[in-house]
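Okay, got some structures for you below.
What follows is a pair of complexes built around chain A, which joins chain B in one and chain C in the other.
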Partner chain A sequence: MSAVGPTSAKGAAPPHPAAPRPPSPDGRRTGGADGYNFAYLDEQTKRMIRRAILKAIAIPGYQVPFASREMPMPYGWGTGGVQITASILGPDDILKVIDQGSDDTTNAVSIRRFFEKTAGIATTTRTREATIIQTRHRIPEEPLADDQVLVYQVPTPEPLRFLEPRETETRKMHALEEYGLMHVKLYEDIARHGHIATTYDYPVKVDGRYLTAPSPTPKFDNPKMHMSPALQLFGAGREKRIYAIAPFTRVVSLDFEDHPFEVNRFERPCALCGADNVYLDEVVLDNSGGRMFVCSDTDFCQERRAAGHAGEMLARAPSFVAGQR
Partner chain B sequence: MYVAVKGGEQAIDNAHRLMAHRRRGDSSVAEITPDQVDGQLALAVDRVMGEGSLYDRELAALAIKQARGDLIEAIFLVRAYRTTLPRFGYSEPLDTGAMAIARRISAAFKDLPGGQILGPTFDYTHRLIDFVLAAGSEPPVPAEAHSAQMPKMPRVASLLDEEGLIERPESEESSKPVGDLTRDPLTFPAERDLRLQNLARGDEGYLLALAYSTQRGYGRNHPFAGEIRFGDVEVEFMAEELGFTVPLGTVALTECEMVNQFRGTAEAPPQFTSGYGLVLGQCERKAMSMALVDRALRAREFGEDVRAPAQDEEFVLSHSDNVQATGFVEHLKLPHYVDFQSELGLIRQLRREHFERAAQGDAEQRREAAE
Partner chain C sequence: MSETAIAPGFADPGRDSQAVFRAAMMAMARPGTICKLPVALDAPAPLAPGTAALALALCDFETPIWLDPALATEADVAGFLKFHTGAPIVVHPNEAAFALVAGANEMPALHRFAPGSLEFPDRSTTLFVQVETLRKDGGWRLSGPGIAGRAHLSAAPLPPTFLDELKANHAVFPRGVDIYFVAGHRIAALPRAILIDS
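Moving on, here comes the complex of A and B:
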């Protein structure tokens, strides 16, 4: 958390030796990482974003509007998370980027490379080694520590958006803590399906006040947000919102007394590392219904295998699932 | 059910190498240069500058080449570049009345001071494919005006204003500081300065469709094309240390003022209302669409019912940006298998329960029948 705030040594990162971009019209045309400030964004923009982050931490779960910038990757592909990471990143940070729990999905590779190129910082795939973890759709299985920051990429920061499309209305509902609509929605799910039919981006209440979207993580990950020692920052670039959950903050998934919140359950352990109580990906093996279930968190799975754990299919799983043996 | 999207660095590199190869096309054909794009696909360059919100022909032409002619991709490239540029100030308001006119027409008057100037336009061409162009040929030399002196061309709105026939911005409104939606997030309700900024960088096709919808009755506002003008306007900048304004250069602009449905109240005599469009470069379709949508979005100001999509500012302004729109629509290409897995789990459970209930129901029916 030392990376946040303009006063901390890490946050006030000195400008990159090559910064700011050369003013000559010829120099700017050539582009390349050399022409850009440390971690791409200029220091004024980072300061603006850090202010929004500080406000967000002070009011956990509240969506702070910020002047989101156009980034060199498309909106909807992690621009909010990238702007937060760029703003809190210091030269000594070690960055991990995951998408769907995996370090080597294409977009995670692309974002990790972006920071390697523009900030020259160290990256890792090990959850434990990372000081900043940028994620899309998962929270690592390994419990996070108080010197780590988890940065979420958020497509739709407003948990009430699909119940009420108007921003003017949803802001009012948050101001009045008027969340009946969401309870009605969950109730209707139970009436229609016998269960709450929301399986990801499952709404939570943060610190007993703001209804908050956990981003499209499966509801399996919701309990990890509760009283987490790590700072959790959420960035929505297209929707221009930042919100945060400060360390050790209460995060409660909405439910009813007679229909308590439940996480997704899997009938079997990971086929590669044998882990129970982890989130699994279903991998289709052939055209005749053959499939296996493996850890979605690839780093967690590899570490367990390295420590000698083995699942029932470890020996015969194809290499595109199990990696090099 | 997904097979995990893995691939990592090598696959990405290879994909980009292949894309660069495809961009080059047939290597026996000469490679296109940004100069050629700028000179011969000038309207594409105009559109990229306008929606990219950056007046730089050279850069826009290069972006079009880089994007293989995909204009929204080119707009995106320009935007991402623009955001890294230092902001050293805001220009003085442009005086479009002093525009060096290349084209100027009014549909509201037969003739007017300064005259109707057609200029370079597709209007009145027959849309027949010109096969001569395929071979390439030198076009005839353009005709020239008899007098070198361009007459003064007052804006049509100011002609109407002399009689008080059209509403003009209130003076206090024009002296208010202008917002900047590239520096502050857009909030609702949005005032007209921000709405116009949003529309000016909005997607041409989107604005065209919305404008068309107002003409078909979804928020009709009885427009006349009061004036459309295109030409060069000088940009001036107030240099604080000098204490006077200095010219920075000229930009080509298309401006459209629509004259719309009049209104009057017990206190105010009837007056025409107006809608305004302004875009970089030559793009009349966009300028006219913008003016129609601007007028539709003023419904709240004029106490009109907000019924149609084009009048609904949250709807119009939240979806006009094609860089945002294309990013979010296309992000569906990214892997979503974690969320999909949780949906799979739920739907399997619901189906299992459904069949269990059905089986139970069948068993009960059979028992009843037996009794």
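Moving on, here comes the complex of A and C:
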């Protein structure tokens, strides 16, 4: 089918602002007046990604193919998540970016700077203040609100890929809801280890239909996906897939009656803020084996300390762990 | 009417497209919720301002548009959409990425639009159905992804068989069409994943 070409009607066009970029394939001008596109991507690309996002929300857990674009950062740096954020972002948004649970890692800082520069938007480290949170690995400890959007950077969107390398086959398996292989894999884990060994990217079923990869969050965070009031969007740049979990959607981690799904529990509270039931990172303090366990979610930890909570090592912790006091 | 100037589109295409998309995204994520589109367009009748805004935000040369007879008979409508989006206009509903309906009373049954395939359920039609009344009470009882518990939505006028068509559309999940109802510049979404009873 031949698509209608660039619009070329004369005399009737509304005045366009001067645009330094050449028109996109559909003939629209895409440049902003100041020389680059808002949030880097051109308007045609954003429209394509936006359409994919709407389909992803309508079919929760289904991986929508999209024409992923080159971004000015290497794959593995969250190009899928960045393209989603760039496509949904507006001038009034407040963006938070985390890698593991931290706002301060190189990856998080560079993505935050990228959007400050290309979109001129406000950023924050506070979970509560953010309208959009882009993440790799973690879901914030603080419960999300229903006007927030969580954008995941996903390296491996296909939960069946390590069992079946052929895309045509995994697509068929999703189509027919044939997920027996995954159950077999998990059951082999049980036979070998006495429990399901998978601790990251633990597969979930979304709204009772699609097998979906939380990739690469720890299974500790899986329960936070279930009936979350926030919209969850997942972008895989290299694999060219977008998928979504609408708010208030059932998300069930795969398990067996005799081996129910269990999250990893930590035996101790955070050494800095004393929080229980949070995901902890081990921090090595010195060469003689000194170590401590602290919140992976740095914003959560800092807010608790600001509110007066103290863990057993708060007073003694070096500043590279505890930050400036 | 072909000599008439084409009505203007978005004043600030980048910004307005984002604002309209964001409202459409939140509507799709929360079926039954009525969202106001933040951009008013002076669209050629009988194209509603909300339908025009959705089309300009989401359609382009990659997305064939189907117009229902009420819209297809007004040459200005196709002219407006072609000029501002570059989208091809198609004759058959099942070729459409987007279907625009102004005469909802007489619209084709939902199964005549593209439902996608089991492998690619995203290759389906999204409908913009213009209605006169759109309210978040009475009418259908909705449950499913995006809804905490239950929601209600009523839209009118629609064909008498519409509820059965919605149920049949949900029954073929993950295939099926997704619908935006449009009243003026207010919209509400009804994606295929939603269970409807009443």
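In the analysis below, the second predicted complex is superposed on the first by the 292 of 325 C-alpha atoms of A that agree within 3 Å, B and C clash if a C-alpha of one lies under 4 Å from a C-alpha of the other, contacts with A are read in each partner's own complex, and residues count from 1 in each chain.
Rule of thumb we're sticking to: a residue touches a chain if its C-beta (ideal position, glycine included) is under 8 Å from a C-beta of that chain, and two chains touch if they have at least 3 such contacts.
Treat the numbers as computed from the prediction; the structure is a model and nothing was measured.
By the touch criterion stated above, A:110 is placed in contact with chain B alone, chain C being left untouched. Using the contact criterion defined above for the overlaid structures, shared-chain residue A:211 touches neither chain B nor chain C, since it reaches no partner. After overlaying the two complexes on the shared chain, residue contacts for A:254 are found with neither chain B nor chain C. In the three-chain superposition model, chain A touches both chain B and chain C at residues 29, 65. Residue ranges on chain A touching chain B, taken from their complex, read 20-21, 23, 29, 31, 36, 40, 42, 65-72, 74-77, 79, 99-102, 104-107, 109-110, 113, 136-138, 155, 165-168, 193-195, 197, 199-201, 216-220, 238, 240-241, 264-266, 279-284, 291, 296, 320-321.
Listing the residues of chain C that touch chain A in their complex gives 5-6, 8-9, 11, 13-15, 17-19, 21-22, 24-26, 28-30, 57-64, 82-88, 95, 97, 117-122, 124, 126, 144-148, 173-174, 178, 191-193. Contacts from chain B toward chain A in the complex involve residues 1-9, 11-12, 59, 76, 79-84, 86, 182-189, 314, 318, 323-324, 326-331, 334-339, 341-346, 349-350, 353.
Chain contact summary for the complex, chain A toward chain C: residues 1-7, 9, 11-14, 25-30, 32, 37-38, 43-44, 46-48, 50-60, 62, 64-65, 87-91, 146, 171-172, 174-176, 207, 209-210, 227, 229, 231, 245-250.
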